[in-house]
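Chains: A, B, C and D, in written order; residue numbering restarts at 1 for each.
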Amino acid sequence: MSNVDTVIKDLVIANRILAKEDVVDAYGHVSIRNPDNPKHFFISRSRAPELIERDDIVELDLGGEPVRDEKRALYLERFIHAAIFEKRPDVMAVVHAHAEDILPFGIAKATKLRPVIHSGSFIGAAVPVWDIADKFGDTNVLVTNMAQGRDLAKCLGENNVALMRGHGFASAARSLIEVVRMSVYLPRNARAQMRAKQLGGKIKYLSQGEIDARNRGYSPYSTETWRAWEYWANKASCGHLLSKPEQPPENQHDHKHDHKK
Amino acid sequence: MSNVDTVIKDLVIANRILAKEDVVDAYGHVSIRNPDNPKHFFISRSRAPELIERDDIVELDLGGEPVRDEKRALYLERFIHAAIFEKRPDVMAVVHAHAEDILPFGIAKATKLRPVIHSGSFIGAAVPVWDIADKFGDTNVLVTNMAQGRDLAKCLGENNVALMRGHGFASAARSLIEVVRMSVYLPRNARAQMRAKQLGGKIKYLSQGEIDARNRGYSPYSTETWRAWEYWANKASCGHLLSKPEQPPENQHDHKHDHKK
Amino acid sequence: MSNVDTVIKDLVIANRILAKEDVVDAYGHVSIRNPDNPKHFFISRSRAPELIERDDIVELDLGGEPVRDEKRALYLERFIHAAIFEKRPDVMAVVHAHAEDILPFGIAKATKLRPVIHSGSFIGAAVPVWDIADKFGDTNVLVTNMAQGRDLAKCLGENNVALMRGHGFASAARSLIEVVRMSVYLPRNARAQMRAKQLGGKIKYLSQGEIDARNRGYSPYSTETWRAWEYWANKASCGHLLSKPEQPPENQHDHKHDHKK
Amino acid sequence: MSNVDTVIKDLVIANRILAKEDVVDAYGHVSIRNPDNPKHFFISRSRAPELIERDDIVELDLGGEPVRDEKRALYLERFIHAAIFEKRPDVMAVVHAHAEDILPFGIAKATKLRPVIHSGSFIGAAVPVWDIADKFGDTNVLVTNMAQGRDLAKCLGENNVALMRGHGFASAARSLIEVVRMSVYLPRNARAQMRAKQLGGKIKYLSQGEIDARNRGYSPYSTETWRAWEYWANKASCGHLLSKPEQPPENQHDHKHDHKK
């Protein structure tokens, strides 16, 4: 099975996981850069993530246009992905979604979304809020062309997540597994922060040092990251699609013991 | 299959979707105007939406009375539908439900429900609150005759949604798919607004221009609208009942490409 | 099938419904008075409501003791039921449960739980809070004898529901269907009231006249009440146990029409 | 079947219950001391609790190291369990998890988590908050060695639960059934307390006398405790793994009756 075959299968899994974990519903999408051609990326045609099959995956260029003849409708907002892949060569995977519990932080801008729990560390210390109206005035609030996508990508900058006012978020990571994990824990972090605020008193956020330490400790195929991927895939009823990396997850800890111990 | 057959099948799907998405429970209903006779509409007999089959659908006139001999019990509140269809010739479909998260906005009238998220835009800039007690005093809070239905329809006016104090909401749209979509996203918008309020500070609502731009961009059988309908129908285990419109959803974007590109 | 057989089958359904609707979990119980002997009532032996079968149902007297030889363990708190049946001859069915969203109203006594939504009207205008510590000091907070049960029943008085501080609620009605319906909508009313309070401003409660009008309009086997029972039983996977009353639900509304109309 | 076989089977059930009840997701773990060797304990290898089978269970020593040759990856945070078993000979089972609704109490330290509902009594009157940064500065917030585990165990002291700032909680009990029950009701108590606080006014907590009375009334195989275990195991689809204790749950109440009564 070629690398691209695996990538596409993983993208199907990612779609199903995001649906099962309520990050997306009928709307929202996830993409992955073509590992053989960094100027292309894979994403589904216009379809609800829960229903996506391998044949729904299309290949687009960094202008958001299909690289092969394609008669099926595409996502209106594919330019979010194209613009982030264009601006950020380090990014291998992108999610755009409307997960409900992050929405308040895009609407009530006085409160910044910040990591308060360890699984939320991956969103990074700063989560900018992009308001499409600032530059484009009255729109349908969707990112429907490259100019809008590029403005969003500029706001995202070197961060991992940008909130989109009245709409949702865009997240970017160096691997598909990581962008899915971040997108699943982003609403949980938002809920923990909202409720801590309701309890009142001072809130203790993760420190920059803690965020950095966590980033250093994880890689896409670490045991710990794989554990979540395997779990979510099974929950989303696509455990049978899992491709174990050719090298099994590196055993990060020395717990081989002498039989005589 | 005649148009009416399709309409009835779609109405069964709509019932099941609204149940699955927690908009209705044992109570609540959805109706569609008869496309062949605008003075009639279809709605289920008195039954929980999740259990409805094609044979449960009855045809009522604009006084809320069945047009054929009918021994089975009807919804007490069918007059909501009759009165809205009577007053609003542009309306093709109506939902009445008690979705939990809109209820607070009907009880605590100081806070107006307003669109804060893009998927909530369809509720429109203003959502009036109708209080049955204002005109009818102490009732069982249900709309059980045409006089009450007409008073509600008057309060609804040209809006898309009216809240009903201590009870629920009525929503109206130019198609069944749109009234279902609006009814699904209405509670989500309510939650986002409630939580943004709890975060504190200024809330940014959708602008009138944004609401208008979104209305212009959607039609009942657009790719984007169909995507949600297909998704929800499958989630509600009635994907097999889906009738694709005879013309496949128009491909709204030019992404046909020359093979030589 | 004798009346008692039907009653026991209905009690199994009621247990399963309360479990499915998250009113009970491993704990909580529902009982029904023996229609042939008002000094006895039926309730399950000590078992989680979701797992209850017909053979789990036992018959107790108004002292909370089994009327037949019974080696299986009984609910510790069966005295709640015995004491309410003893004090209130009008009551045919009782629920005791710990539904999560009513708990705050038993703990933060400054805010009274009151009906704000039409489906919550059945809890009545006043919901007293019983605190076991007031009379019995430091206990395990459970109602484990008749003295405690009678004190709770006294606090309940002629109301339909009493909250139990730090513990749950007891509800009483003239039929099993009604006590289940009330217990399902009680937490929903609590949530609507909590969230309305968070929105701020004045809250509009149901008026006494509205509560009265609603009580007049419902009977255990009305079309509207049966609709919920049928729905919940199916949702709880025991639709096959449903016993339609011998007289089909009375058609409350005149919608028989002349064929020539 | 040996005692250890039963213990391992029970540990599989405990993993599945904690997953089903949303106490753990891909992360979080539960352990039980080896009844035949108090210096060893059983825990799964690094795997999501929902997926755990008997072969995943490994045996570790009180330093957190496997007692047999083990090539599979282990939980990074197994030292939480090792350190608590080391410090607390009375403890037979430990849970570490990130249940969402306890998180705010670890972040907003001004509000202490305290028992407000009877099922929350088992957390005890005091729930300390452990902040890994106090002693270890900027870490990845995980407990990855014995020094950190011991510091957490010291903070836990003789209590039943310690919150871990920005991370989760650790709970300890004298039996597996009890640590699972406590971990399931801990988030429910947290929610009840948060919402009572939002209602405002004075909150009534369980008294020390009530907490003590409840502790006296429960044992791991009491009828009441077993009822929850049986229920949760069935809900988690592993009812078939249940091992009834050799002595059936003691019938705590005298309700054997003379046939002639």
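The criterion applied here is as follows: a contact is a pair of C-beta atoms (placed from the backbone, for glycine too) under 8 Å apart; a residue touches a chain by one contact, two chains touch by 3 or more.
Computed from a predicted structure; not experimentally measured.
Undergrad: Show which chains lie in contact with chain C and also with chain D.
TA: none
Undergrad: From the C-alpha centres, identify the chain that is farthest from chain D.
TA: B
Undergrad: Just how far, in Å, is the C-alpha centre of chain C from the one of chain A?
TA: 46
Undergrad: Which whole number of Å gives the spacing of the CA centres of chain A and chain D?
TA: 32
Undergrad: What parts of chain D, by residue number, touch at least two of the other chains?
TA: Residues 197-198 of chain D each touch two or more of the other chains.
Undergrad: Line, ring, star, complete or other: which describes how these chains touch one another?
TA: The chain contacts form a single closed ring, each chain touching exactly two others.
Undergrad: Which chain C residues qualify as touching chain D in the complex?
TA: 25-27, 46-48, 50-51, 65-66, 68-74, 76, 98, 100-101, 103-105, 107-111, 131, 133, 137-142, 165-167, 194, 197-198
Undergrad: Quick one: in the complex, what on chain A touches chain D?
TA: Contact set of chain A toward chain D: 116-119, 121, 188, 191-193, 195-204, 206-210, 212-214, 216-217, 223-224, 227-228, 230-232, 234-235, 249, 251-253, 255-259, 261.
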